[in-house]
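What follows is a set of structures for review.
Note that chain A is present in both complexes that follow, paired respectively with chain B and with chain C.
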Partner chain A sequence: MRPRRSLTSNCILNLLVAISALILTFPLVWIVMMSLKQQAQVMTWPPTFLFRPTLENFRVLFDIAEAGATSYGTIKVDFLTPITNSVVIALGSVVISLLAGVPAGYVLARRDIPLKEDIAFFILGFRFAPVLLVVMPLFSIFQTIGLYDTFFGMIWVYQVVTLPMIVWLSRSYIEDLPKDIEEAAAIDGAMPVQIVLHIVLPLLKPGLIGASLLIFLLAWHNFALGLILSSTKAPVTVALLKLLNPGVQFYPVMAAGLVVTMIVPVILIVIGQRHLERGLTFGAVK
Partner chain B sequence: MANVRLEGVKKAYGTIEILRNIDLTIDHGEFVVFVGPSGSGKSTLLRMIGGLERISGGRLLIDNEVVNNVDAADRNLGMVFQSYALYPHMTVRENFAFPLRMAKMARAEIKTRVAETSSLLQIDHLLDRKPRQLSGGQRQRVAIGRAIVRQPKVFLFDEPLSNLDTELRVQMRVQIAKLHKQLGNTMIYVTHDQIEAMTMADKIVVLKDGNIEQVGSPHDLYHNPASRFVAGFIGSPKMNFLDGHVEAAHEGGMDVKLEAGATVSVPVQPDQRLVGKPITLGIRPDDFSQSPAQETDIAIELDVDFVEHLGSVTYIYGNAGKQTVVAKAPKPAPPKGSGKLRLAVSPADCHLFTSNGRALRRLRAPADWS
Partner chain C sequence: MDLPGLDAIVTLRSSVSQLAPSEAEELTAEERALDWWSLAAIAPAIIILLGFLFLFFYGVFQSLTDLRFGRPLVHFVGLSNYAVLIKTEDFWNSVRATFVYAGSAVLIEALFGLALAKLFATEVLLARLMRAVILLPLVLPPMSVALMWTTMMDPQNGIMNYLLSLAGVGRFAWISDPSTAMISLVLIDVWTYTPFFALIIFAGLQGINEEVREAARVNGAKGWASFLYIELPLIAPYILIAAVFRLIESLNQFDIIFGTTQGGPGNSTAVLSVRAYVTAFQNLAFGRGAALMVVNWILVLVATFAMVKLWRFVRNRVI
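This part shows the complex of A and B:
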């Protein structure tokens, strides 16, 4: 049994939880409020918490036809293009990482190959370096070989962010699968490829969905790679920055953009969570 | 259905030798049990036959064909793992069908085979369950079913019962023995439990430190152990070992003077070279009786320490001189507490082991049970 707490300590603990929740949600609430305000209301001091919400900022964000004609100055956003770009790049990165990373993780988990730990550490090493370190030399290389501002090039370079994660996560998931199951399949007449297709992948599914969500978010939030290696194919993170131009700052439109940017991963996580069955391997081995 | 032959089979990881020069023939239809303490290499040997471990040296033949470099998938074996190793994402039906699907069998044939196997093991009602919805005993039966459904040449069992509770273990032991009778396949069974070995095997292979210590029928191993190790390993409670030295060797056997005092004339193959050397006398706890039936019987004085009543039998733990002795209490009156007790043993029931653990051949061992 848990020790009973006194009323006072209970109150204090609840208060602390409430305060930390407030601190955590404040920026989010602030951004959502800002996205529903008008330009003039945003900059007032003291800030207003009671106002007539407007969806005007979201209209501006996605409106291509009337671009430039807003109530508060010239602006051309067309936010749909960066969202599409981000979806293509992030999804593409996840798919490529899964295709390349899961087999790599399998080999690192199961096979005896020379320098195994060194290879694994080398792959992880990409996560140590700041992304900008890779970007600078890549900028000129990409321009020379024609990969600058292409989906292909972007997805390729995003592997720096996503691939090491998939390799390491799938390696540890595979290590958690009992080896007996694979050996049983081998005795039952399955070839190595069949073992992976019929036994290993189905068992890895929940883990891989979780890992894919995680690396999708990593790709979605990446900023430096898109900033330097793309222009028309720029992802949302870069498009948001463009709203902060030196003349007028379109804070409410930018806030609307942020809200949209946040919503996509939230939707994905809500959908993905249902697939995250737990304890699928229970019952296989004692 | 097949025979299995090992010729000088070796296993080494780098410089560490796990198995040394294993020579063994397993005949068609035989139930062979590999038994030994942990680390003796019995599981490794089984896994090498199954194709899950590489063979470092020697030859392995299944059905008179060398299979050293044949993949596990192509050896046509069935194996039951200690952990069951069921496919958790498949139902029992799919678990059964998997080896058949891998063999590219027609759908109708798969259906018949699955039905046959499940009724043989009486698990028809479980076919649509996933492994996690089964009890330990049911999982064990599914694992056996998956191994037999393909009708393989040889069945391998790797300590299949060690995760079950005692009652279930006895049940499954009987069921596996019955199954062997029904199917008549060659079966190789690994266990560290000598009772399983004694009850199920046609032939027991005792392994120790990567060597075969003795191969023989359960009866043989019990009555004619080749070494002190086998004598101590087979039989429960363990054989008692009393130290002494050889006084004389003559045609009828060897005279041994025990440290505890008594002198015994044991009917074994005499060896003059051992006269004056230290020797170990082995007596099974079951071979003690209350009073000497014949003049030649050895009397042993026991300081009783502890009495263990098991219902049908009672075991007495005590000391004879400096040595601990376990004896089955003679009927009808088992002693209650501590005190002194005089027990007798017929010299014909005694075993002798030299100082390097080798057994001297007994001249009057009981005839085979069968």
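This part shows the complex of A and C:
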């Protein structure tokens, strides 16, 4: 048991937790508020905390037809396309990574193959690969072979981020599963493929869902790959940067864009907090 | 060696066996026999990643050429890209900026992360309710974080200056002034990644056996002494492994810096990765840009190697 605390120290600790939580959440709350303000309200000093909320900024983001006519003047944004791009690229990356990565993770967890640890080291090393150095030659190669600005090319190149992660995570989840059932099935004469399909995969399902959430998040985060290798198929992170137009600072519209990109991860926290903690800390948190 | 309840450490250890090739496992000849199922299963992942490895070497090769966008003939120029680089003031400025950014961010994050983890490990009512909040900055896209702080740090009407004025501090230029830009970027990095340290250290604290703490208390160790001599050595490996991961990523940090200052004002925040991007894709000197990235990569390698050495030293001393 932990030592019993006095009432005062309990209060102080609660207060400190509240302050930390406030520091961690305040920027988000502020951005949400800003996204509901009008341009004039954002530009006032001191900043206002009480105002009549408007959804105008979100309309500007998505309403392509009328985007020219805003109360702030002319601003043309097409935010729906980048969001669609990001979703397509992220989902595609998750599917390809699962197909290629989970079998590899299983082999690294359960089978004895030559150079196993070297292969695992090689794969994890990509988690820390200098992405820009990999992408620089790709820029000219993609333009030569026609993969520049295509979903196919983007999903392939996103594997440099997502594939090592899924191999790593599925290996760690498989190592957590009890080995006896598989061994019993093998003694009964089951083929390795049957063992994986009928025994390992069902047990692995929760772990795989968690790992998929995490790599979807990693793909959603990515900025540099889209910046260099795409233009019309650019992900939402690249589109965000374009909202920050030097000279004309449409902060509220950008805030609305930020809120849109942040909603997805916040929903993912609600769905799978434990899995995200485990993935984001490379397995230190179980 | 036998600290019960430290199953989280097992994971850390297996993660580190990746960083350092583990001792060859003892296998009989029979077990070593080629297993076609396994090879077929692992092949797709390996092939995809070998493609990236090839690109990496191709990038290193490009750093040895005078490749520019639109130039038809490319010459092999040996190390002359590097030779030109090390003669420029800008290059050393970038190396310094990279280390200042990564070093100070990781150091501050480790300290704050430790404090935050200790705070949440007290398990007071709010700490139990607010656990998920720690995760929040980590799940946001770094680019969104960068732009969020750009709006908040606006020198004219940003909320940060308002909060400072409430505390009686005058206006601050944040990322718009060369003398404060770096501090502001480190602040953004600290806000975003302190939770990473906090989560890992929190796992370490939970792995410490209650009996160890109890024994310390029975032997008369006071709060601070028990923390300094019992807990800190036990969680030191966790802090260091978190520092290794963070150091690698902050030496490579691109999104947060590109999203806020793009290396400016002046050269004040032009870390190597940002300078490499500008050199390659805005000045279209791909060879020079690749050379900058190779330098960045070597720095990451050296720093990681040093940290892993330190990690092993600490771990061997503790366990």
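We take it that the second predicted complex is superposed on the first by the 259 of 286 C-alpha atoms of A that agree within 3 Å, B and C clash if a C-alpha of one lies under 4 Å from a C-alpha of the other, contacts with A are read in each partner's own complex, and residues count from 1 in each chain.
The criterion applied here is as follows: contacts are C-beta pairs under 8 Å (C-beta built on N, C-alpha and C of every residue); 3 or more make two chains touch, one makes a residue touch a chain.
Remember, predicted model here, so these are calculated numbers, not experimental data.
Asker: Where does A:Gly146 make contact in the superposed view: on chain B (first), on chain C (second), on both, or on neither?
Answerer: After superposition on chain A, A:Gly146 lies in contact with neither partner.
Asker: Which of the two partners, first being chain B and second being chain C, lies in contact with A:Thr44: first, second, both, or neither?
Answerer: Second partner only.
Asker: Let me test your reading of the model: by the given contact rule, A:Ala186 touches which partner, first (chain B), second (chain C), both or neither?
Answerer: In the superposition, A:Ala186 contacts chain B only.
Asker: Considering only the touch criterion stated at the top, classify A:Pro202 as touching first (chain B), second (chain C), both, or neither.
Answerer: First partner only.
Asker: Regarding the shared-chain residue A:Pro53, is it in contact with chain B (first), chain C (second), both, or neither?
Answerer: It touches nothing on chain B or chain C.
Asker: For A:Pro137, is the partner it touches chain B (first), chain C (second), both, or none of the two (neither)?
Answerer: A:Pro137 contacts chain C only, not chain B.
Asker: In the superposed model, does chain B or chain C contact more residues of chain A?
Answerer: Of the two chains, more chain A residues are contacted by C.
Asker: With the touch criterion stated at the top, can you tell me which chain A residues are shared between the chain B interface and the chain C interface?
Answerer: 280-286
Asker: If you look only at chain A, which of its residues touch chain C in the complex?
Answerer: Listed in rising order, the residues of chain A that touch chain C are 1-3, 5, 10, 13-14, 16-18, 20-21, 23-25, 27-28, 30-31, 34, 42-47, 99-101, 103-104, 106-108, 111-114, 116-124, 126, 128-134, 136-141, 156, 159-160, 163-164, 167, 172, 175, 192-193, 217, 220-221, 223-224, 228, 237, 240-241, 243-244, 249, 251, 254-255, 258, 261-262, 265-266, 268-269, 273, 276-277, 280-286.
Asker: Across the complex, what residues on chain C touch chain A?
Answerer: Listed in rising order, the residues are 7-8, 11-12, 14-15, 17-19, 21-22, 25, 27, 31-32, 34-35, 37-39, 41-42, 44-46, 48-49, 52, 55-56, 58-60, 62, 116, 119-120, 122-127, 130-144, 147-152, 154, 156-157, 159, 162, 165, 191, 195-196, 199-200, 202-204, 210, 217, 238, 241-242, 245, 248-249, 252, 254-255, 258-259, 273, 276-277, 280-281, 286, 289-290, 293-294, 296-297, 300, 304.
Asker: Report the residues of chain A in contact with chain B in the complex, numbered from low to high.
Answerer: 178, 180-181, 183-191, 194, 198-199, 202-203, 279-286
Asker: Quick one: which bits of chain B touch chain A in the complex? Just the residue numbers, please.
Answerer: 50-52, 71-79, 81-89, 98-99, 102-103, 130-134, 136, 139, 146, 150, 156, 163
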